[in-house]
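For reference, the structures are reproduced in the following blocks.
Heads up, the next two complexes both have chain A, just with different partners, chain B and then chain C.
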Partner chain A sequence: MSTIISAKNVSKWFGEVVALNDLNVEIETGVTGLLGANGAGKSTFIKLALGLYRPSRGSVTVFGESPRNNAAVLRRIGYCPELDTFYDNMTGYEYVYWLSRYWGMSAKHAQVAAEQACDRVGMTERMDDPIEEYSKGMRQRIKIAQALSTDPDLLFLDEPMAGLDPQGREEMFSLIRELGDNGYSVVVSSHILYEVERVTDNVVLLFQGSIMAHGKVREIRSLIDAHPHTIHVDCSAPRILATHFVQDESVLHLDFEGESRLVIRTKDPNACYARINAAALEPDVEVTRIHCADDSLQAVFDYLVK
Partner chain B sequence: MMDQPSHAFTKTSILPKPVAPSGPLAQYIHCLRASFGHSLTLMLRRQRIIFAAVITFLPVVIPLAIAFLSDSQFAHSGMDVFSKMAGEAHINTLAPLLALFFATMIIGEDVESRTIPLMLTRPMPRSAWVFGRFGAYLMVSTAILGTSMLLTFGASTALSDLAFDRDGFEKLFTYELAMLLALMANGALALFLGAVTKRPIIIGLIFLYGWQRLATFVPGVVDFLTIMKYTTEMLPVALESTNQVVREEILEFKKQQYLVGASKAAITLLGITAVLLGGSVVVVRIREYATDRAAGT
Partner chain C sequence: MPVYTRSYRNYEGTFRRRGRWMLIVEQELRILVKGKIFQFLCLGAFLHWLLRLFQVVAYDVIMQDPNHPMAAMLQQAKFLTVNETAFFDFLRIQAPMVFLICLLAGSGMICNDVRNNLMEVYFSKPITWRDYALGKLLSLVFVGLGFTALPAIVLVVIHNLLAPGWETLTTTIWWPVEIAAFSLVIVLPFSLGILACSAVMQSQNYAGITAFMILVANGVIAALLAGFLQEENYLLLSYPMSLDRIGQAIFHQPNPVFNLGWGWPMAFVAMVCLLCSVIITRVVRRAECAP
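What follows is the complex of A and B.
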C-alpha cells in the first residue's frame, strides 16, 4: 500500500463558510470510502484532490504532486461527479467520446475507448440514444463510463449509488469491488454508510469539515470504545435481567422495548457482556439474542458525530 | 516524481490502456482539435443558430427593398447602401450580437450545464480548450455573417454604382476583413465576460450596445475605450453625397475626427483579441469554477 492522496493541514472556506477545517489525511491505494452526512465536506475534499479548488490553507497532493492544472496528475485520474453533468443534444456515446478526446486521444482511439467503456457499464444498446432519454441509472452509468474510458489509476466516484435502483446498486458495488481487486484506487463518497460498507472497510469519516476517523471500520470501532455502546438483549424476563445492571456504574441507561427486550447503554461493553452471560445462567432469564448495533458502520458514524 | 516507487501501481486494466499523444505539442494539438470539434458540434445543434441566422440575414433584403421601393438619392448608389449596411448592420451591430449569442457560451455553457468540472479535470492545456472553442465560434459566426455580407453585396448590385467587378470585390474584401476582426474582438470580449461573470450576456449587452453607443456621443477620446471605434476605423469612409465638393469636405472632416488609421485599428483589434483571449486563459487557470460552492456539498 502506498499513499496516493495526502492532505496536510488543509482548510477550505468560501467567504465565511468553512467547508474543511485543518484536515490531515493520507489515502492509500485501494478502495476508500469517504463518509459523511450532507455538508460534511466530502465533495469539497474531492474537488481539492481533483485540483478544482485551491486549499485556503495547507496543501493537497495526489501522486506526490499538486493536482491543480497539473496534466501529469490529471492524466491518471477519473472523476464521476455527483450531479448530472451533460451537454444538451448529445448521445451517451458522444458524451464519452468527446471527453476521451479532451483527454488527448485521437478520434480513432476515442471511438474505441468510448465503445468499450459504454460496453463495460452495460450501455452498449442505449449508447446512441440522447442522454435526455436516459433514466437516472443510465445517466449514472454513462458518467461512470466517461470516468473509466481513460483507464485511470485513481477514480473519484462522488455519490455513485445516488438514484440507482437495487439492481443498479448491486452492479455498482460489483464494479467498484472489481476495480479495487484489479489494483485501481477508488475514492467513493457517500452519506449512506451501508453503501460504502459493501465495497470497502477502509473509510474516512468526515463531520462538519473535519476528519472524525480514518482507518478500517474495526479500527475505528476501537477508537470509540470510550463512547457508550448500545446493546440489545432479547430475553424472557428483561426486567429481571435489568436488576443485574442497576448497580453497575458503567451503565448509563436501561430501557425496555416491548415485553422481551432490554436495551443497555454502557461505557464498558466487555463488562456488560460478562454480566449478561452471568445473568443468562439464571433459570428465570432465558436470553435468546444479544445484538450490538455497533457492528454496523452506521453505528460507528452515529457514535462519532453525536 | 511520477515514477517514484511510492506511487507505483500494479494495476490490471479492465479496459485497454488509452494511447496518449507523444509530446506536449501533439497533446496540445489533440486537445485543440477536440475542443474545436466538440464546440462546433454543440453550436451547430443548437436552435439558437437558426435564430441567429435569421437575424443575420435580414440586411440582405434591405438593398432589394430600397431598390424597388425607394427613390431617394441614397438609393441610387449601391456602394453607399452596401457600405451603410456592412458598416452599421454587419460589423457594428450583428458582429457583437453573434459574439453575445455564441462566444459568451464558450465557457459560460460549461458553467451553466455543470460540465466545467469535467473539463477542468482533463489533462489538457487550458489555452487549448479556450482557443479551440474560440476557433469554433469564429468559424460559425464568420460563415453566417460573411455569407450575409456577401449576399447583401449581391443585393446591393441591384442598385447603380456597384457591381461584381474588381473594385467591388476589393470593397467587399475590405468589409469582410473588418467583419472578421470585429467578430474576433467582440468574441474575445464575450468569451472573457463568460469566463469572469455569471451574467455575461447582460453585461455584454450593456457594454456592446449601451456603452459603445454612448461613448460615440461623448466628446474627447472616450470612444477609444470601445471596440466599435476601431471596427469603424477599419471601414472605407462612406461618402453618401454625390457632390464632389461635399464629398471632399466630408472626407477632410472625417480625417480630422478619426485619429486612428485603418492599419492601426486592425492592429488594435488584434491586440484586444489577444489580450482578452490571454486574459480568459488566465482566468480559467486561476478561477475556481464549481457548481456547488456551498460548504460541505
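What follows is the complex of A and C.
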C-alpha cells in the first residue's frame, strides 16, 4: 500500500474559527474512514485535499502533488459532496453526463460513462427522470455515480449514508466495500461510527480539528488499554455469575442491569472471557448473550474524546 | 492485510484540455432553450425580424422597380428605406428583448450554482474559475448576439441578394461591422451586469429584480438630473441613453441624444463592465478556492 494523501502540519481557520489544527496524517490506498463529530473538520480536510480550500498553514499533497488547480490530480479524484448539488430541471443521467464532460471526457465517452455509472449504482431505470422526483437515497446514488463515472483512483465520499433508510445504508455499505475490493481508494467521512465500521477497519479519528487517532480499529484499541473494557453478559443467574469475578483483581466493577444482565468492567478482557466460558458450563448459569461494547468504534471514540 | 488489485480501467479517451468554457456555454444554452419563457421571447424577436424582412423585401423588390403596381404607394413610405438607420432602429428595439432574455437566462446562473452547492462540484473537476466565469458570460453574450447581430447581418445579406450590385455592396460593406459593434455594446454590459447581480444575490428572483431596478433607477435619476439642472449631458448617466449615444455614433445618426462625444458614454459603459467583471471574478474565485 502506498500513501495517496499526505497532510503536513496543516491548519485551516475561517476567521476566528479553527477548522483544522496542525494536522499530520498520511492516508494510504484502500478504504479509509474519516470519523468525527459534526464540526470535527472532516469536510474541511476533504476540501483541502480537493484543492477547494487553501491551507492556512502547512501543505496537503494528493498523489504527491498539490491538488489546487492541478488538472492532473483532479482527474484522478472523484468527489461526492455531503450536500445535494443538483441543477434545476435536470435528469440524473444529464447530471452525470455533464459532470463527466466537465471532467474532460468527450461527448461520446461521457454518454457511455454516465450510463455505466448509473448502472453501477442501480439507477438505470430512473436515470432519465428529473432529479427533483428522486428520493433521498436516489439522490445520494446519483451523486456517487457522478463521482464514479470517471473511474477515479481516489474517491471522496462525504457523509454518503446521510439520510438513507436502512436498506439504502446496506446497499451503500456494499457499494463502498465493492469499490475497495475493486482497488479504488475511498475516503468515507461520517459522524456515525458504526457506518464507518461497516465499510473499513482503517480509520482516522478527528476531534475539534485535530487527529485523535489513526490506524486499524484494533490497533487504536490497544493504545487505550488503560481504559477498562465493558462486557455485558445476559444470563439466567447474573448474581451467581458475579461470584466468579469478585476475587478477580483485573475486574474493576460489577453491576446488574435488571434481573438477567451482568455488566463487568475489566482491564483484562481475555481472562474475563475465559471465566465467563467456565461459568457457562455450570448448570445454574445459562448464558444467552455476551456483548462487549468496547469492541465497537463508539467505545474507542468515547474513550479518546474523554 | 487486504491486497488492493485494480479491477477498473482509467479513462483512455482524449482529454479536453482547452476551451472547457465551451462546455459551460453548451450546457447553459441547452438548459435555456428548454424554457417556455425563452421560447416565447424568441418568438417575439422573430416576429420583429419578420417585419424587418418584409421591409427589406418591400424596399428591394417593389420600390426599386418603377413598373411595380405598388411602387407608387410605397414610395411615400420613407420609413421602409433600408439604410443604417433601419438597422440602428432594429437593434434599439431588440435591446429591451436582449435585456429580458439576459435577465431570464443570467439572473440565476451564479446564485443558483451557489445555492445548489454546485461550485464545489465544478471546481473538484479540472475546471478553473476562468473557464466557469467565461462560460457563463459567453453563453449570455452568444444568446444576446443571436437576437441582435445575427438576424441583422442576415438581413444585410438578404438585402445584398435582393438588390445585387456594386453600389449595394459598397454601401453595405461596413454595416455588418457596425451591427456587430453595436450589438456587442448592447449585449456585453447587460450580460456582465446581470451576472454580477447573480453573483452578489442569493436568489434568482432577487438578482433579476435588482438588475431591473438598477436599470430603471439609473434612467430615472439621469432624467431627473437633466431636467432639474437643465443640462441634457446628464443623460450620459442613463445607461440606455449612453447605449443610444454610442449607437448613434456607430451608425452615423444625426441629432444625438446629448451633445457629449461618444467617448464619454463609451467610458461609462466600460467602467460598468469593469466593475461587474471585478464583482464576478471575486465571487467565483472565492468559490473556487476559499482563502
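Convention: the second predicted complex is superposed on the first by the 241 of 306 C-alpha atoms of A that agree within 3 Å, B and C clash if a C-alpha of one lies under 4 Å from a C-alpha of the other, contacts with A are read in each partner's own complex, and residues count from 1 in each chain.
Rule of thumb we're sticking to: a contact is a pair of C-beta atoms (placed from the backbone, for glycine too) under 8 Å apart; a residue touches a chain by one contact, two chains touch by 3 or more.
Predicted, not measured: the structure shown is a model, and the values here were computed from it.
**Q** Could you tell me whether chain B and chain C fit or clash when both sit on chain A in the superposition?
**A** clash
**Q** Determine, under the contact definition given at the top, whether A:L83 touches first (chain B), second (chain C), both, or neither.
**A** Both partners, chain B and chain C.
**Q** Touching A:Q116 in the superposition: chain B (first), chain C (second), both, neither?
**A** first
**Q** Quick one: classify A:T288 as touching chain B (first), chain C (second), both or neither.
**A** neither
**Q** Contact-wise, after the overlay, does A:N270 reach chain B, chain C, both or neither (first, second, both, neither)?
**A** Touch partners of A:N270: none, neither chain B nor chain C.
**Q** Quick one: classify A:N24 as touching chain B (first), chain C (second), both or neither.
**A** neither
**Q** In the overlaid three-chain picture, which partner chain does A:F63 touch, first (chain B) or second (chain C), both, or neither?
**A** first
**Q** Can A:I4 be said to touch chain B (first), chain C (second), both, or neither?
**A** The first partner, chain B, only.
**Q** For A:S135, is the partner it touches chain B (first), chain C (second), both, or none of the two (neither)?
**A** In the superposed model, A:S135 contacts neither chain B nor chain C.
**Q** Tell me which of chain B and chain C touches more residues of chain A.
**A** So, of the two partners, B touches more residues of chain A.
**Q** Return first, second, both or neither, reflecting whether A:G39 touches chain B, chain C, both chains, or no partner chain.
**A** In the superposition, A:G39 touches chain B alone.
**Q** Show which residues of chain A both chain B and chain C reach, each in its own complex.
**A** Common interface on chain A, chain B vs chain C: 14, 29, 47, 50-54, 69, 71, 74-75, 77, 79, 81, 83-90, 98-99, 101-106, 109, 113, 146, 150-151, 153, 182-185.
**Q** Show which residues of chain B lie in contact with chain A when the two form their complex.
**A** Touch residues, chain B against chain A: 1-2, 4-21, 27, 30-31, 33-35, 37-38, 41-42, 45-46, 113-115, 117-126, 129, 285, 288-297.
**Q** Could you pull out which chain C residues touch chain A in their complex?
**A** 1-2, 4-11, 13-17, 20, 23-24, 27, 31, 34, 108, 112, 116-118, 120-128, 288-291
**Q** Which stretch or stretches of chain A touch chain B in the complex?
**A** The contact residues of chain A facing chain B are 2-4, 13-14, 17-19, 29, 36, 38-44, 47, 50-54, 63-65, 69, 71-75, 77, 79, 81, 83-90, 94, 98-106, 109, 112-113, 116-117, 120, 146, 148-151, 153, 178-179, 182-185, 208-209.
**Q** Which chain A residues qualify as touching chain C in the complex?
**A** Answer in residue numbers: 1, 14, 29-30, 47, 50-54, 68-69, 71, 74-77, 79, 81, 83-90, 98-99, 101-106, 108-109, 113, 146, 150-151, 153, 180-185.
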